[in-house]
């Protein structure tokens, strides 16, 4: 089992945190995982992205060249990372902020109205966790529980309020997929070891 | 024709200048010549020395390993450079300031009372030029005239007084050897190309 | 209706790449305006130094030389000695000018190099993510002293303008804050005088601009400027510290 | 008869390798005497820096660390932070402390490092043969400005003691000249206070000693000291510039 | 009477212009630009803008041109 | 009554001691040491030396020991 | 899970390092900031220096006092330290220096690169000296090689460098934390006050010409011992490999994935992964009995290539695949380069 | 007659250099002081900088203005310049840097040495860059190669280094003065005020990642051209030589005297004397048809040795004779080493 993820959006959307939760959850589930930011002068706004790999075997490359899954939180990122999703892979995107403009053949598209959902939760900064909750429901190589543990692990204890909010958003993402009764993702086909 | 010289004494005795006059004179006579100081923190007193090579052919090594001629202005230098004179070579030294303590076989010894001579000339700083005058009389591969030209060349014009004094001392060295009617030096035998 | 405010000629059309609310943008514009007004665009060479503003050559529309971190004034010295008839200025942050570049800064000022220095003091290393600068305030949070600057461990903030004004060969030294329109307009006046120290008096002119780095202060831009007003100005008093040109004239 | 003057314990038997009449010898002896009197020999670490005195470890009979040119105060900072209970001092020339080492000097003083600095100002780079130092006097001959220092080209001499005294975190700063027995004895008193700034007050202490480099002044030793009296002291006034220890005590 | 034009591609929504307009002629909009910044807008219902340029003086991104 | 001993191997003939002795108890000799330095000598015919140590205070080469 | 840069910091603390001096520069600030947070907690000293020069000299001072010390920077900052590195080597001071290097030359960019290999291994500073150079390829190795760096640095009194890049520095991976070092070896040579003993001197300026030549002789003897004993490399399928990658750091992981995929396709490929760059694992190149071709892959324009060619001395054809300035090879392109080499070698074999 | 250090200064002035910035250090002060005396006479600028770092950056500034410039130092000071050298290379600025190197590492001593070969030729600074490196062996060459350094430095927009040692720097020898350069090539890229043209940028920090990789590609292409065209070496009796010395700078003169004396004894020896160290004269090593053994003699612990081994790639046995730290080989000892090599090779030949 191996999953390569590209996660991308604007700076400030919690992209790196999303990736870290995912990678930590991978580790907590007993798998190998790596996380790497596209470090750069992101602090200046603009785009942010990171790469995550989760695998039952030792991970060779932490760099993701073509992804099994892309999680996209804005339009420029969709244009950049959409084409890199493997045939059979999944593209999750915030449907209010991004929309595929070109055909992406053989890729499973998962538009998620995370913006509206976040507003509904009154947690405008929680789109990232909604997307994560959705992801782990679509492709349950990890459980949402493990993601909750990961959130607790990486959030400083004195920010326990944040933990609770993040978990709520995570659940909202899970529920959205479950409620809509959307089919589970077919694991990506493509080169495994990449 | 090649001559390797070691010239040594105390800092302040004009050792480097002596060597430069010699090297310049060599050049003015149409030969090749090199000069090299033992650069170091000499300015702190202590010893000063330089190496000169004069040759009718291109000079390979400007470093003198064993010398055809050593010109010595103090006792420590005699002890250091005396043993390096080749068999058949010449060792000129200021007889009031240095005296060979160990046998120097096969070396022609030229004690020169340069200190007394300098005092007599009322030019206490001129031992170096006296030694040069003596040298060029003993081993006339260059003429004392060429040395005079060299002195004029390397002494700044505004110090013409110095030029004149140096030439007087040079002449005194020449006269000493001539007056004493000392035999001309046998050219050093030994490895030529060293 | 008439256009009463627009981009200066001496700036390119490239957008600034600074964070929202960053004072570098205002400072850049002032440089452009002063160079426009003094008609120096074709005879100026700017020295870009290392900090968030390292790629200011994207925005300044004139000749630029970008040198190593902290060596801005040495690069400017080389340029000015080579081009005595041109106008040379450096654009430097507090890390560049006062941390790694302290030696070059003091020595250029000691020599009284005929250069102009635009010095952006934002009390932090912006480019590298908010570490302690020599100008960081006591108690101020930085990523390398997350408990706040403890002056008994790291020393007190350095007031560069005061130190430089104390050196005999400097000509013009002033400090202003980019916090309010009034201050910004005064900053422009001072900046012009810092250039005139060079063009009229052949001397060393420096204008220190207190600005904000909202990202590393972890404040909204408006709050960040309030913070500068409230906290930086008491440590770094505003005004002209030296103006020997004036003295010479009067 | 009783021996009333002899070599201090803190010096080795090795002779000094300085030129005849060089002030480094006197300064070394004073260091030895002060360390003897304060009984610091076994708890001191000296930092030898680069200049004629680089091999002062031949003469100082205690632990010595020799660092790179100009970095004396940074080396001392590392030592002091590592050994807060020991006494750390640097011995630095004007080239080392004020030319290449300017940045380290200012920053160590800004931090108020608890170290002591023995600063030998002989107005020249001695070790390399008489080039311009930051402290060279206007008009003074040097091998790099054989027509004399032209302040319009190279700037004016730097008065380090005054600059350092102006920084908030320094504790003790004084200047004396090694020109007469009286001055030498006063220099020793100041040096002791510079050490006490560290040992009693945990602060930064510096004593600047005006000395002569007869060889590079091209003067006889006696004349060279007269030159220091006549020319250096007007530029570098003697006295104690700062003594916050005293203030704290009183 | 003044008027301010906003270059939406340059504005980063820092609010410095809004803060420094004494006439209340600038507000935050609910529009984002391509880079994800919330944009400011010139809405001057009471025609208070006098073209004083204070907003532009404080704008760090040269997003404003002022007409008078 | 004082007395000064000179370590001839250390003296460099700089004359600073001579210059600073108010009693005229030190003079240059005409002796050179091994390093070629002209040496100073303690000759105190009028026994003026009072052991004040001023000579030693100025000697840059620790060549003098003073007795009193 | 931990970031690579932080893993170095944690390992340093576990190795007993209590003194960190350094100046910010991307992409290694996480290390600096980790030390800033953690050292005070263990009674250590974190001091942000005014420059890399000052930081390196503070390191020099604290190392001279006998402490375990660290500084870190990235390419331009490391260049500024070269004089002091030469001093550290000549004063025989143990110290650990981290270079999370970046796209160069000049200011460059913070993209990953391996372009400081020559500087690290051949002496960027002046003189004939060497320092230990370690090349971690994972966050775990960031820790393990840092621990080793302290041990060997002390043992041989030689500075050591951890040479990484932004990818290994910024990535997170899970790690097994090494046991803290209990006792740090006594340093009888340290300059810390001479109570109860002869004085100690930590110097870089011998008194006589002969002393300096002797120092060099002693250094070279030490280096010979280190070269003999301390070479480290991971050998991957080298017993039967006909075509061999040589790669270090992050690139070795990309190449490893290509080894896997080519092996799957039945190609007899393998890899030598140097973990020490100095001493370079020359011996490893004597243990590739079936090698017909070697492909050096690095994120530079051919620096380790030199050492590989020297190790092989013409015995096996060597090709290079790499670029400088922040370029990262993709596994696909690495595979393509290897296939090209294979083809070339087979063709030549036929034509011979 | 002139001192080597002064000859460099005179040549620089004749090449049109009018800007010198530098900081004193032995054994190159004669150059600094020569420029101090002479530049004002020709309307040039001599400025003693507060440090080597500042001096190198002043050089950078004046070079960016399009002027012919010089700085000089000796080993530790050159180490301090490594960051800026990398900047010069990346900004593609012509500039001449002189290293009259000394016994190292650390502060070392002012004795002659060739221990900065690696630093000069393999990039002491960070990143994949090269600079031209010239190795004069006589005072005449101090002049001639300095003239050439300015020419090529301008032509290729690449920094150049004159690498000497205290012996060639301090010795006097007679010289033929080269003709002053009349016209210096226009520098359309210089930053000197943009009147009448588009603005010029002299920068070391490309805007995008791709720009930096492109810069590296461009630099490497330039380097390839230089390697092809600008190798220089003197070949001494190499046509028929069986045993060949390789030596540069002052050592080559000592070795040359040994060539003479061994030839007198009937031994077929010769010498390759690299005049450019970068580009290294690889081609010369293809023109030694009868070589059975090569002896590299250098005043270091084996630095040029690497380039010789790479050039020969195992074709001919290579031995090294050298030490660091200010050691100078005597002609006798060089001869003895060569005789040892000859014997060794002949013995092996028999045993094969």
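As written, the chains take the letters A, B, C, D, E, F, G and H, and residue 1 is the first residue of each chain.
Here is the rule we use: a residue touches a chain if its C-beta (ideal position, glycine included) is under 8 Å from a C-beta of that chain, and two chains touch if they have at least 3 such contacts.
Since we're looking at a predicted model, the values are computed, not measured.
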Task: For subunit F and subunit H, chains touching each - done: B, D
TODO: Determine, using the mean of C-alpha atoms as each chain's centre, which chain is farthest from subunit D.
DONE: A
- [ ] Please find the two chains that have the most C-beta pairs touching each other.
- [x] G-H
Task: Computed distance of Cα centres, subunit H from subunit E, in Å - done: 60
Task: Chain centre separation in whole Å, for subunit C relative to subunit B (CA means) - done: 63
TODO: With chain centres taken as the means of their Cα atoms, state the distance from subunit A to subunit E in Å.
DONE: 36
- [ ] Return the residues of subunit C touching two or more other chains; collapse runs of consecutive numbers into ranges.
- [x] 18-20, 50, 54, 66, 68, 99-100, 102-103, 107, 127, 129, 134, 153-154
Open item on the list: Please output the residue numbers of subunit E that touch at least 2 other chains, ranges allowed.
Closed with: 12, 37
Task: subunit B: positions in contact with at least two other chains - done: 41, 45-46
- [ ] Flag every residue of subunit F that touches subunit B in the complex, lowest number first.
- [x] 12, 34-37
Open item on the list: Could you list, by residue number, the parts of subunit G that touch subunit A in their complex?
Closed with: 1, 26-27, 110, 166-167, 170-174, 250, 253-254, 256-257, 260-261, 328, 330-332
Task: Residue ranges of subunit C touching subunit D (in the complex, touch as defined) - done: 99-103, 106-107, 110-112, 134, 151-156, 158, 163, 166, 168-169
- [ ] Spell out the residues on subunit H that touch subunit C in their complex, using ranges where they run on.
- [x] 19, 21, 45, 47, 49-51, 53-55, 57-67, 69, 83-84, 87, 91, 191-196, 199-205, 207
Task: Complex interface listing, subunit G residues touching subunit H - done: 53, 75-80, 82-83, 86-87, 89-91, 101, 103-109, 111, 113, 115-116, 118-119, 122-129, 204-206, 209, 212-217, 219-220, 300-301, 303, 306, 309-310, 313-315, 323-327
